[in-house]
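To keep things simple, chains are lettered A, B, C, D and E as they appear, and every chain counts its residues starting from 1.
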């Protein structure tokens, strides 16, 4: 019997299928991961300071916020959407979280809840603009970006929120068993969202809507509700990220996150997400986020000025995606 | 030619007299911009019958079907299920009423696997608390998908292949299999065998017959007149967005059907 | 140390920056608020001048691209700590946000000196070489009042980046100064986002809305340049008094031509110079680090050609404006 | 004979077709245009300074650069692409143009040629990255954005290019018959590109590639060459825009154009372009650019603080696109 | 069943003996990832003949056609035009050699009008210097498009309608009309009548006949066996990516064709 014939539902076929699926996914993250490993090894040799516990923890903590928000962005991108408002919303969440502590004297936990709530509300707004008002995501979230930043400034009077107790830093600068708290949160978020996307109905619908919204609708998926849900969940993560960022700098920064959207979208796309929807995985995104962070870290360790750094970041973004595309093409056409 | 078909040639009897039609459309009007795709279309399906909906290209068949399945809410007219008027404003409504549809443009999600597409919107969840959290039982779906496709006799590399990689006929098989798995009341098939091979076409027609025998109603859109006469109990003809004729399949010939579709029913029947 | 939740601790630098022995070559990180403005390049020149004079000192100059990238600067300082440079000289984009970064450096036994803008709290072992933005901006308001003379006048403010600390200090200081002159009315306040084109655009629109505008305070280099161009394009050169900040070549040219009435000029060269110089002395000679005011100069057409001002405006390592 | 039947090739049918095409296009620009007119009238009443020749010329000159670069962006968006590098490339072109005059003593004309050449090269790079290296446009131009900005800083040493002769201002501040020169250039560019897109084969291919690249390829269009051509032409316009911007402030600004890409994409999308390709027209884009400019101008005239301004810009972006979508939907489903 | 068809049943004579085939494929292999769509496929068309290419769903027909038209360069094997080996690495190459194709997935640009799609890649330019600048003669294209569609008997709202708004059959008509307008040497039609109405199907078959009579060669992919036997001179059967049989249309029956497609040629011919 030929391999082109369906090997229907046998136990063995199942496992083989599963394996093949794993492998083909791994391959699509392969290039970004390779780039990451290559860079890692290169930096280890190039700088004696690179491969130190302190530095690795620093990189982890520095990348935590980007990675969390990039995870949120990936979910949105999979639905064929885009969220330009992440920077503004993170700033709004961070500032309001900080004000909760400073002005109301609430605990860090309450502040985090407020920040997450702010993110969720912003996500709900984005979701409703996209689904109920049928405004394309780019424009809907561009508006939220502008409105959100305006609100941050109006609320704070364009002055940062200072004078926070030291306990406020726990989320961003704390450690648990010697591992930065922010890193732990990032891992939990990434694993949780990856699981959600790959193993649950919610994830299935997310990919389906991004792949063919009309098909999803005709299949009886309540696309309005689900799409809004994706934006809300993304908002929750952005709020959390904003809070961690505020905690890291022990203040609410009204200017936080300007052009953050480009970084997180880049991380997602380097990791294999397609802006035309239906494709993208969290592992890839996390790899993408760390790739960018590593370049920045390495540049400082190697005494490369910010200007050359920008050039190098650009080159690496090109290279990572080029090889990924090349690999996929080869895989598709040659086997 | 060119005369508006006001009086429709009504030669078909309602099969199970008394019982209201399972699905009925009355005076449906649907406009797209300046194009009037449906201009007061009527349509009826009774329990346990196979009705063929035929008509020229652009006659409005697919549009009518989309109003019956909740994709396009009609601009005017009403839809009745079991005699009671309903509002199908989304496909969910139609599915609730047990109406399952294969669309001409297939409406599959290219990035998703064959199995995922078959179960889209009706995923099998794990049993127990994990299932309540929305956890998918992917294995069960793979097995179910393989079995369903086997029944249609189509060879597909693997059920985990993304739909984007399938051949035209393989894609259509997936869409047909999906509707057949889930149908409970009415199955609407918009040109389901257009891209299918001879064997697969035969299998689909078998499935249609079995569905009818199980008491379901089937609406079949097709341009293949021999196929229509072979499988359908009744034929409804759509022309320029209106019903032009209702015919019993066992009383007509291919030529009659063509005449009805092109609008030469009574006058120039033997033109071709 | 903080132990709020069990097992979770805030990472923190406790100890004082008792520096290591460093008689050999030194590597210092010098970090501006942002790269890309004339002002910070002058700081760089000062730092490099001090390094060159001290001998065997390398300066690693690096910064974020926008003053608003506070987190980016925190990361940068952290990365320098990781790299174990011998000393860090930097200007905080945000006083509160960078305080933990300074602590981390000190905990790693890397001494820190602040230039231009300090942190809050500022550890006692960390000196600050800076001018007082707020007081200088208040002075700018007085200059504006003096230029305009008696009578009621409409004035406007072109700020640069709302929400950044320097911006807030200058705006607050200017408004505090204005409050002393009831005859001056602030009729417009718009930001330039440190972009000359944007500064020109908002100034044009302010001029349109306020035909009687008599004075403008522009709070940094791009804001001044854009404002001056808008006024020139509107044919109001000389009719609208501009008080500017910083001393980029075109600003000085504008001052000479009468477009700009006065410039508030800090001494960025001195900041960079002091930062590196004192740091090197601290590392090599164990000299204590002590803060110093680097001073501010009000440059007008009248005093522009004095030697003292010249040294500030065109600093060079041959004739550093550092006394 | 029914209207649903083809009214083949008669002279009358032709004119009717043409008319219908015009009307349906006009409608799609209708909402943005309506918003523009409403805003215009409102501002006329709200501020005595709004409707003055000086102010209108100012708005024209202020919007010129945005409008030209938004025109370039629209071409790219029609091909299903996106150009994030416009800001960096405009800065690079302006800076190099200014240096041509300052350091080489060349004329303004030569400087403009240099700026345009720089833009064309950047466009060629973008085009080759997208077509030959098959890097998705978002990533290709994100890299160019980063590399371009780095180059600007490296070339200028992060110092603005000052000390230019007054003649350098001609392009940005000169007038011709009392009309700002920049406005005249903008009109010429807009009309030229609109003509190119709607009346020529090049334009036809541009829409075709954005609508279905594979179909275009199978139709025998040399898609690589044409797509590259679109990016090059866009680059030329971006270079020109950067030069005008530099001329307006009589200096080369290394910081010019940060986040300019968002403004110009917003202008294009407000004007009816779709980020999913195949749709977009220059008239709409120009209207979109002026809509944004008018909001900003009005906000200053009415002394609305930047904070509220951002909120208002966001609301107007939402509103313009919402009504446009609403109108189109109604038009499509009701007739 | 399941035996590899090494020796193909070669019952067809080469019609104009001596003259090399207009288009020939030899030993084409094409892989997509782990799927081998073509495994050494051969195919021949001679001048002035209509060859039907048939096979089960997923047999590789569309893939073979895409290699013949330059869409997918083959991994192995060679293509010959008029006996000389050629490299079709892009569709432009194939078109240059006079090969015109209607793809199963149509490959039309949804946002473009019917007329623009018909002339895509071959726009009519204004005469004179304006034309040399690339200025389109939109009117000529509208008229040409309306005439071409008229010939196929399809009703289309207007030739300026975007393709996205057409019915399935209307779209297919546009794709067929496009290939027919431009064909000079070989026309390849991949299931061209799958979505067409009875009248339109008849017209397309007429056009095919006329093309043959004018000396062109036509390759027709179809699952409609009566249609194949009606129009084709010769039939080539593809199975599992290889040529399984070459048959003369006037010597075989539908059952023979089905047997060849399903791989029961010699042994179990009368299974169905």
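Everything that follows uses one rule, which is that a residue touches a chain if its C-beta (ideal position, glycine included) is under 8 Å from a C-beta of that chain, and two chains touch if they have at least 3 such contacts.
Molecules present, by chain and UniProt name: A, D = Monosaccharide ABC transporter membrane protein, CUT2 family; B, E = Monosaccharide ABC transporter ATP-binding protein, CUT2 family.
Just so it is clear, the structure is predicted and the values come from calculations on it, not from any experiment.
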Based on CA centres, what chain would you say lies at the far end from chain E? C
Using C-alpha centres only, name the chain that sits farthest from chain D. B
Per the centroid of Cα atoms for each chain, what is the distance between chain A and chain D, given in Å? 30
Please compute the C-alpha centroid of chain A, do the same for chain E, then give the distance between them in whole Å. 47
Please work out the Cα centroid separation of chain C and chain E, and write it as a whole number of Å. 72
In whole angstrom, what separates the CA-based centres of chain D and chain E? 42
Shared interface positions of chain A, touching two or more other chains: 4, 20, 153, 158, 258, 306-307, 310
Which positions in chain E touch two or more other chains at once? 32-35, 58, 154-157
Two or more other chains touching the same residue: where does that happen in chain C? 35, 65-66, 162
In their shared complex, at which residues does chain A touch chain C? 47, 49, 52, 54-55, 58, 62, 65, 108, 152-153, 156, 158-160, 162-164, 166-167, 169-170, 173-177, 180-181, 245, 248-251, 253-256, 258, 296-297, 300-301, 303, 305-307, 310
Along chain D, where are the residues that touch chain A in the complex? 84, 129, 133-136, 138-140, 142-151, 153-154, 158, 258-259, 262, 265-266, 269-270, 274-276, 306-315, 317-318, 321-322, 325-326, 329
So in the complex, the part of chain B that touches chain A is made up of which residues? 69, 71, 90-92, 95, 101, 103, 106-112, 116, 120-123, 125, 133-136, 138-139, 142-144, 146-147, 149-150, 154-160
Chain E partner contacts - residues on chain B that touch it in the complex: 32-35, 55-58, 61-63, 104-105, 154-157, 161, 165-170, 173, 191, 194-201, 223-226, 257-258, 261-262
If we count contacts the way the header does, which residues on chain A are in touch with chain B in the complex? 4-9, 13-14, 17, 20-21, 199-202, 204, 207-208, 210-212, 214-222, 277-279
